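You will see subunit A twice below: alongside subunit B first, and alongside subunit C after that.
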Partner chain A sequence: MRDDTLKYLLVLPAVLVVSATAVWPLAESLRLSFTVGRLNRPGSLDQYLGFENFSWAFMEDPAFWNSVWVTAVYTVATVGLTTVLALGLALLLAPEGRLRSTARTLLILPFAMSPALIGVSFRFMFNPEFGLFDAFFGLMLPPLAEISWLANPTLAFAVCVMADVWGWIPFLTLVLIGGLAAVPRETIEAARIDGANAWRVFRDVTLPQMGPVLAVVVILKTIFSLKTFDQIFMLTNGGPGTATQTLSHYIYFNGMKYGQIGYAASVAWLMVIPMIILTYFYAKFVFRKE
Partner chain B sequence: MSGIRVRRFLAAVRAALVVIAIFVMLIPIIWIFLAAFKNHVDVYQLKLFFTPTLDNFATVFEPPYLLGPKLLNSTLVALATVAVAIPVATMAAYGFSRFRLIGETAMLVVILATQFVPAVVIILPFFVMFRDIGLLDTRIGLILVNLAIVMPFAIWMIKGFIDGIPLDTEEAAMVDGSSRLGVIRDIVLPMAAPGLLTAGIFCFIIAWNEFLFALILTNKHSVTLPIGLALFKGEEGDLWNLLSAAGIIIMAPMFVLALIIREYFVRGMTMGAVR
Partner chain C sequence: MAEVVLTNLTKRWGPAVGVDNQSLRVEDREFLVLLGPSGCGKTTTMRMIAGLDEPTAGDIHIGGRRVNDDLPKDRDIAMVFQNYGLYPHMTVFDNIAYPLKVRGTPKSEIPKRVGRAAEQVELTGFLDRKPKALSGGQRQRVALARAIVRTPKVFLMDEPLSNLDAKLRVTMRGEIKRLSRELRVTTIYVTHDQVEAMTLADRVAVMKDGVIQQLGTPDEIYDDPANMFVAGFIGSPAMNLISGSVRGGVFLADGGAALVRIGAPDLDRAVLGVRADDLRPVGKGTGDVDAAVHVFENLGESTLLTLRIGEQRVMARGGRHERKKPDEVVGVTFNADHLHLFDPESGARVRFRGGG
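Now for the complex of A and B:
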């Protein structure tokens, strides 16, 4: 067989699988977003009502705006905290040595944990009667011991952020350690000889060199933060009330619990738009070196 | 203090910080681990020292929890997902790596982008379709949608490995009269084997940990382990010792797999944006 034919036959199955499992549902979701789309009403999935779902979301649905707000704050908080903490940890773990190498190995463990399980474990730790954190605060700051964390909107949100940050620090740290290793030794030495202290070296040499890696990490983490569902579902299920209801969770509830699949699809597509923009920037980094 | 002493002191402080940081990162795992071996009473008393028991691991497999079928579902679904994804992805990866194709960049970008589509967007149309054709609560249905999340990783990861295989050997074999398919079978596949294994393990972990699809598509026959966690709610709230034992069963195999491929974890997740 000639290469000219073969090369297209090689990629064809993959293109078909990706089209069927990702491109089709994306297009079909867009179509559904313009329909009445009630799961329990036959025919409503082909009953079009123009942009009514979208205008309903924008104009008449405070719960939608609540989930947008929750997702936005959640994303800013988790991306910021994870990046800063991971950078600190990367600086701590980057040097060679047996202790640090063991530490780097152990760091992979939290990342192999399923997000749903992370949600469960944090619910466990913040249990008001016998959670680990509760006991910890009971010992250190007795007034905090009586708080039931997950029943308070602000604290429940904070616990969700904490669980997310905890789950993502290992991955970001490992990426940033790789980035640190790529900073040329000579540049750092030269700055040291010129009399720069550790902080100046970090700010003026290391950090600028880390720019592209940091950008990749921030974009990737932003995408995953925007999508967050699993931990939230297991940890607070969006509550108390709707204090931790992210967009994904709101879409799930509308589509699956209330059967409003058309409306869920339109909210889902509102979420796809920022993803497309972020993916565009991400793709630039992936294709940069080719 | 002399300079050497200061330096030694700082090194000790840093070593201590490393230990503390890793300990903090492992607390939730240690906590689950301890609870899994506690009996019902000890869990509720926050004991650090207790008589360990294996009862929880037996109880989770008994009625009404029956974790066994869920373990089977998780294993079969993840294995089948990998079994479809890896060969298909390998073919495509070779095609993208070795040839110029019309629309190549567009295809690669779309494949990359599908990783970022929120799972909840993908599942809405699939739910409607599976309801209509009777694929709800089947392993086949779950395998199909799992392909959506593993394919982009598999293609990009394997492409990275094949890009790293030098062209010379292939060209030499072609000059000696081997066909292209012969070259793929005899040269590329053996050389890429560690990469295929790594990508396979990576996809297995993703499929195994997948939650949202299984939550929406399954309710009885094809329930997977992560969804099974929701079972451990008794009259008096969560049954933490059983939840923890089930948690260990879910995460322990993934820990082993993650440690095997840890060198490639970062490259896999970032799809080559970070090398």
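Now for the complex of A and C:
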């Protein structure tokens, strides 16, 4: 057998597995997005509508726009907060030292928890009957103990953001510590001697050299925030009402709960567009040439 | 106008000692070189002067002011780093201008002063480039320009030429010498390269294990080493250190060969230090002693003969046209004005009447 043929034969099993588990479902979801696609109506999976699902989402579905808005605010808030807080923590934890390396190890713990578990934990902690936060506020600030956190749309959204920020800070901090370590020490020392105070050293020398790492962190976190599902599903299940219904939660609701698999597929494909754009920039930063 | 005074300066990291209770006075406008092998404490000393490391004990005065508790930016110094320490995201212009900008120099004045500094290091055509687009020598010029754009009290240079190739190092060495003569600012220069030390310094401080072994002019360090370490560290080839004894005014090498008359009292154990340049090969039987050639090397501008004296090897400098074969026996003449005796235990110099 020629090497040429052999190499394709060897790759074939992997190609088949990937096709069956990723390519085919993707293609099928794209096909379904153009159909009536109701799970409870036989034959509707082959009943084509053209772009009607898409135009329905854009023109006639306020719930779709609500979830777009929720997702956008959620993404901006979580990306901004996580990045700023992680950068602060990285600056605190980057220098060598026994205390700091212990702190760096402890920092991993939130990241070791699955997002669904984080969601459940926060729901328990904010439980008005026996939650940790209510007990805490009862002792420290009694007026706050009266608040039913997850029943108020704004507060429930804030709790979702908080849980996400809490869960993602470790990963971002570790990446940024790595980025800080890659900043040449001499450039920082040179700036200190040249006359810069701590803030100017950070602004003029450290931060600009962190640019590429920060860009990667922000893009990655944006992708993660855009597709958040499990945490929200466990914490608020999109509620109260639709106050915390993100796009992926809306897709799940349509597809799995209401059986509108065709419509869910088309909304899912709408979500793919910003993802592709972000992934393009991510790849550009990660694989950029020197 | 500033002298730098170190008083009982010490740096320890736990049990490890970097600099051990050293005092040093660098005069105003002096070019002082801290010279020593790696790990001798020379860079640590400089970093403490810069304020990048904190002394464990002792005082640092710059221009009469105690600066121990001052931040680096408040010490009015400029520093050139071994790997340049340029800001990679800024252009050459912005790199040079940074010390001015951050210290609030009027905006209108900055281009003028950057231009003048760039001119002094011959970088005028490169101001728009980023450091990445420069060669090693050009990068070091940017670092120099950034140092001289202000007139600080003290220049600190930490092995500024070590990352350059041999040829460029010679050129830049000359440039630094010219600049320091023009600027006349107190300069402390750290290096492990004795040629840089010899050529640049007004005075050299030779360091080892955190202790200054000798402080003196290049001539003193070369011709009058304070101990065996300095004798062995300075010079290429290093000074010959021949162990033996002194009996009746004659130095006897281990094994018994009488080498040379020396005006010292009897010593059971002694080390004779003599530079290869002060040992001249002559015809067999006509010198102070005869020795067999172990290795003969032709360096072009001169020759080097490694000779066997007992079990020891001694290097002598021969003329450009000297040609010898291995195992050939030659005579050797000692330059009696430049013989040094050392105590083999302590390494300390043993002074004697009529000796160098």
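One rule holds for everything that comes next: the second predicted complex is superposed on the first by the 271 of 290 C-alpha atoms of A that agree within 3 Å, B and C clash if a C-alpha of one lies under 4 Å from a C-alpha of the other, contacts with A are read in each partner's own complex, and residues count from 1 in each chain.
The working rule: contacts are C-beta pairs under 8 Å (C-beta built on N, C-alpha and C of every residue); 3 or more make two chains touch, one makes a residue touch a chain.
Everything numeric here is computed off the predicted structure, so don't read it as measured data.
K.L.:
Which partner does A:R41 reach: the first (subunit B), the second (subunit C), both, or neither?
P.N.:
neither
K.L.:
Touch check for A:I169: first (subunit B), second (subunit C), both, or neither?
P.N.:
first
K.L.:
Touch test for A:I223: subunit B only (first), subunit C only (second), both, or neither?
P.N.:
Touch partner of A:I223: subunit B, not subunit C.
K.L.:
Kindly classify A:R203 by the partners it touches after superposition: subunit B alone (first), subunit C alone (second), both, or neither?
P.N.:
neither
K.L.:
Of subunit B and subunit C, which one touches more residues of subunit A?
P.N.:
Touching more of subunit A: B.
K.L.:
So, A:D194: does it touch subunit B (first), subunit C (second), both, or neither?
P.N.:
So A:D194 only meets subunit C here.
K.L.:
Regarding the shared-chain residue A:E186, is it in contact with subunit B (first), subunit C (second), both, or neither?
P.N.:
So A:E186 only meets subunit C here.
K.L.:
On the A-aligned overlay, A:S121 touches which partner chain: subunit B = first, subunit C = second, or both, or neither?
P.N.:
first
K.L.:
Using the superposition described at the top, list the residues of subunit A that contact subunit B and also contact subunit C.
P.N.:
The overlap between the subunit B and subunit C interfaces on subunit A is empty, containing no residue.
K.L.:
Provide the residue numbers of subunit C that touch subunit A in the complex, in ascending order.
P.N.:
So the residues of subunit C in touch with subunit A come to 50-52, 71-73, 75, 77-79, 81-89, 98-99, 102-103, 146.
K.L.:
Can you tell me which positions in subunit A touch subunit B when the two form their complex?
P.N.:
These residues of subunit A touch subunit B: 1, 3, 6-8, 10-11, 13-15, 17-18, 21-26, 28-29, 32, 39, 45, 89, 92-93, 99-100, 103, 105-118, 120-125, 127, 129-130, 132, 135, 166, 169-171, 174-175, 178-179, 213, 216-217, 220, 223, 226-227, 229-230, 233-234, 248, 251-252, 255-256, 261, 264-265, 268-269, 271-272, 275-276, 278-279, 282-283, 285-287, 289.
K.L.:
In the complex, go through subunit A and note every residue touching subunit C.
P.N.:
Spelled out, the residues of subunit A in touch with subunit C are 184, 186-187, 189-197, 200, 204-205, 208-209, 211.
K.L.:
With touch defined as at the start, can you tell me which subunit B residues reach subunit A in the complex?
P.N.:
Listed in rising order, the residues are 14-15, 17-19, 21-22, 25-29, 31-32, 35, 43-46, 84-85, 88-89, 91-92, 94-96, 98-99, 101, 105, 107-114, 116-128, 144-145, 147-148, 151-152, 155, 179-181, 205, 208-209, 211-212, 215-216, 226, 229, 238, 240, 243-244, 247, 250-251, 254-255, 257-259, 262, 265-266, 269-275.
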